[in-house]
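By written order: A, B, C and D. Residues from 1 in each chain.
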């Protein structure tokens, strides 16, 4: 009997980050994939990841709406609560042998609690990393609920073990997002305009011929009242610098409404002749666009992780990625239009593209599936110090 | 402005364990108590703690039903989810300056998530301890969500710090349950029959004159399919040994239905002439009965904690208290009627009553209030290794 | 493509009342049955109907825990709310062509709202009847949400139409519970002791040879504070009359805890030598026991409906069945031990067994399936007066 | 002791429609107002009614987030379920003597079920009306749950009684929205530009000097897949007709995302020089703007109700207001750009402003409060036919 592996995907970026593992699980003779798509992965405003998942050929076993409107801290908590109630029913009906939760978004806690409370072995992908904001608390709390840890890098493994987890349950598999980065590097070069056609988006018709930058900036939950202000700083820098820019909307989080409003308002009061806005791209398309860009700006973890492997330069703004292990591609700056502006200018003109394999060598999906097929699944654990 | 301290009490034993802190918070000039009573603390089947709380003079700011019927692992998860959704609304309306959650019952996670997700400083009482079962996961996960840690003993403090928490946010206050134990020791001796009168209960009229034992046995969530079997082992030992016995019903948890059914069934198929069953006693009454007993049998943490201070001998059965620091009063045995029987016999005849102050000196309530009045309440943290 | 008919079964008695329709739907070439088992149908305390359903060969597509502990009016409301949230997910995943809800228990409203809000045609079985208590409000509110009405009798049809429903959407199919009654009449006579063996139960060993009575008494939700008192009146009458008695526990409702406690308490303070208590019987076993009894006592609708067809005499106590069309088999009495006693005595000695086909001729299951296979499923409606 | 009247306000338009009743309840010596603000009334995207309520001097006893993201039929159902669970807790804590629910939005059912299931007398404002879509089902289902009916007009009273409600519990008070209309007529004339200043909005700077129209178009839930198409029809008519236009965003409902996207998309692909878009106005400001306009276009009930009293001409599009009693001010048209265009043209040039008091004479708030102070509050009812 193959082991039934239930993976809960709750957001567009989580899907990108786990996709090659999903493929490897589905293909593995000793594993059976059960795929649950939930939370913002079902929502149009956040890129309707569920459509992408279906288009890429995955069977979706269950879909669960669980995000409350309001995009504030109250609704983040409530969404997580509702998610637990619903995912418990899903697991009770699907009867998986283990449950996989990805990274550290607030709603991944719903998966973690439903599974661990039901005595289902919980597998946590991407524990042991260090960042700012509520993600930090969520990530390490999930580590303490999880039975199997599949981490991106050796320092993450060390941290998970220091928190009291048994070394034999912590595996360095690398991050599956790097697998996509490797595919992107290996793929045929494509014309950017072709890649972007069909996505629509709004804003100016931007000439990408002389180089362009990519922006992806999320609200920071512990600073969410400043989300609009932070978005404006970046907007001003990008607008005034007149770099051809592809700007991507943030995903659902307390404060993203602030971010979104700021963008909308800025756009309506300024003629942004160099910026085109997009909602969501297929992961491979996004990577291809990154690879061809002069660099990425914002606070996305993509800049730290995938771009380390790809060698794409990054301007990382503010506290969101604080503490994360990073490669030589990153320039850190504060929420300051001038500083952002100068860093982008330097990045735009930079020629070197140093690659670092901090988050894996591109075989994480296969390693994850192989580990899940054989690992010990006992759910008892106890602090050893 | 006094700091508003919101304490969520979710069960009868949690109330006992936090009561002196509630009193000290209410009395403190720099603190204002907000009291939320929820979960099994509202349920008749589990002793209706809400009535005791009201009788003892506390104003209850909110009451929240959140426990689903079924007493299995699915419903534990769902109850926690519902609790998060509802407590988020409660916190959004009460606007506390900090939230206190007690120990490690499954539903305390609801308090922890609602508070930490809403950027409310989370105070965790009794982290850093080590036990078996799901409580272990819950306790340490809450540690990783909490901002202030009020622990029972120095080894617990060490463990919390090793998990990556900042030493300056971890305070050894002792456990408030020991405060009650100190009060119980200091109180006028009372006649046991008087203490018990009014509680009713069911079962035989037991002669307590020549000594008696107290039994309190909970289902273990990770072994919940065996709850009935475990209950029967103890029942048989106690029944056949013919010790005069006061038996207390377990609290709500996956499997307590198994425990309850086993007790009911055993009672209906055996004439239990030496056992009287009770649902719930006021904490001070319970301690007084313990003090006057020959010892306690089962797997309650009371046997390990309060009884260490009281010097009351204990027979601790099975895995539930595994790993907890314990005093000289404890005899550990497996789920085995013979072993249980022998240990009770030895305990019944024992004269020494060695006292150990492992879990505090009886001033925890005051220390907790004093700490909350002045401690740093910042909510940002990051792993330091 | 067969029409996908999703039926939500939420309680033991609802299952009995819909079983032959489930069989007929499953067997119909133009229909496909989707079976959801939820609420108290999953709970051990209420007879674990889910096990009976599985044993009788039905595939269960989803099971959903949704009942909160407390058995009071607050938790009835909350359970319904949770049920809506969860059933919406179930319907979103099962994608039925219509949804069937049965009768008028509080939680059937969850099915009705989830379905009607999702533009799924809602079929209501057993609308248009008249009774006391909250059921009355629930039943007629569901009528106003429903698109197709399958009623038990002509007067019910008239009432549904008077409430403003279109005559062409209201069908008299009879009540499927009568189908079982017909089967029970047609079945080989069985020995009562054989029928009861295996069910266990608690209480006295009752000699059934000289005739016996059946008691089934539910709490009345709008009088739920009196549930215990009402139960005691009946207990006293039955106890003092010394009729051999088979007593069945009530199903989940606000106040059933009162009923249950009253029974437990009475049992522990009185030697009930003539009463045996049971939790749940298979429907056919229950009908067989009714057929062989001297009559039924309490406030169950079985006494009014099935027993009209069977000709089994009934003593109907209090307000719960007020307003329901009834046959010649019923004696109505108030909550009064003397009156109950006298009515039972008369019933016990009665020889006539007049049969009335008020609630159908025993072909309701087939008629329901046939109707669902062809009926108009449009969801638009508007008051015509 | 004054009667505690708990009113649950769930949306911007519901607030406008109940405001004078809130004032009258608050001012009444025999009544005490408990105000709960919930659902889209808390959301920025739908005009943040909670801020308006607070600014107008009401104390808010509780606020409850309950709307799920997705704006589809699944999430409407789930939001209602969550609302029931939360409102039950609110009522359990506030202990009102009666609960008031307003009209027929999907989430008003949450109030109705929580209250009626908890045996709290339920007062329904604006039952007995006739419209298209799911509102029709919701409105009449609430009538069957409600104990006291406060209706807008005599025909509504007749319908409620025909559905089986007791005549002595159905009161014609008029609709409180007409009270505001009366205030608006009585108020000092104001300059439109002053009234609009401070609301911001987006879009063209429109010259209102030569007359203007107001547009307010909601998605129709039973046709929600066409919401975008319907919005475009109106947009095209308004755009091509070049009438100076003030356009207001729709409120939260399945499909409003479609409406919103259609508007955004149309706006981005067409230069709309004559249209300014607004989110939310204070009720009196909105009425003042209506009074000064050439007429209203769309499918809002404001066009049918308030505008009948005001004598403001209306072009009513599509099925949403089908069945509602209407005055001489209304022109009905289908979803057809040409028809809409012609009707607006006729309306723009019309001089007569016939007033009809169909929905009240402007004293509804006071009449409602007076009725609630003395009406019978028994919760038992039974169909009388």
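Please note the rule applied: a residue touches a chain if its C-beta (ideal position, glycine included) is under 8 Å from a C-beta of that chain, and two chains touch if they have at least 3 such contacts.
All values derive from a computational prediction rather than experimental measurement.
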Same-interface partner of C-D, chosen from the options A-B, B-D or A-D, over half of the pairs matching: A-B
Chain pair showing more contacts of the two, A-B and B-C: A-B
For chain B paired with chain C, centre-to-centre distance based on mean C-alpha positions, whole Å: 41
Centroid distance [mean C-alpha coordinates] between chain C and chain A, Å: 51
Residue numbers of chain D (touch at least two other chains): 65, 74-75, 78, 82, 85-86, 88-89, 92
Parts of chain B lying in touch with chain C, wherever the complex brings them together: 40, 42-45, 65-70, 74-75, 78, 82, 202, 252, 257, 268
Partner chain A, residues of chain C touching it in the complex: 62-65, 82, 85-86, 88-89, 92-93
Parts of chain D lying in touch with chain C, wherever the complex brings them together: 73-78, 80-89, 91-92, 106, 109-110, 113-114, 116-119, 130-132, 134, 136-138, 140-145, 158-159, 162-164, 221-222, 322-323, 379-383, 385
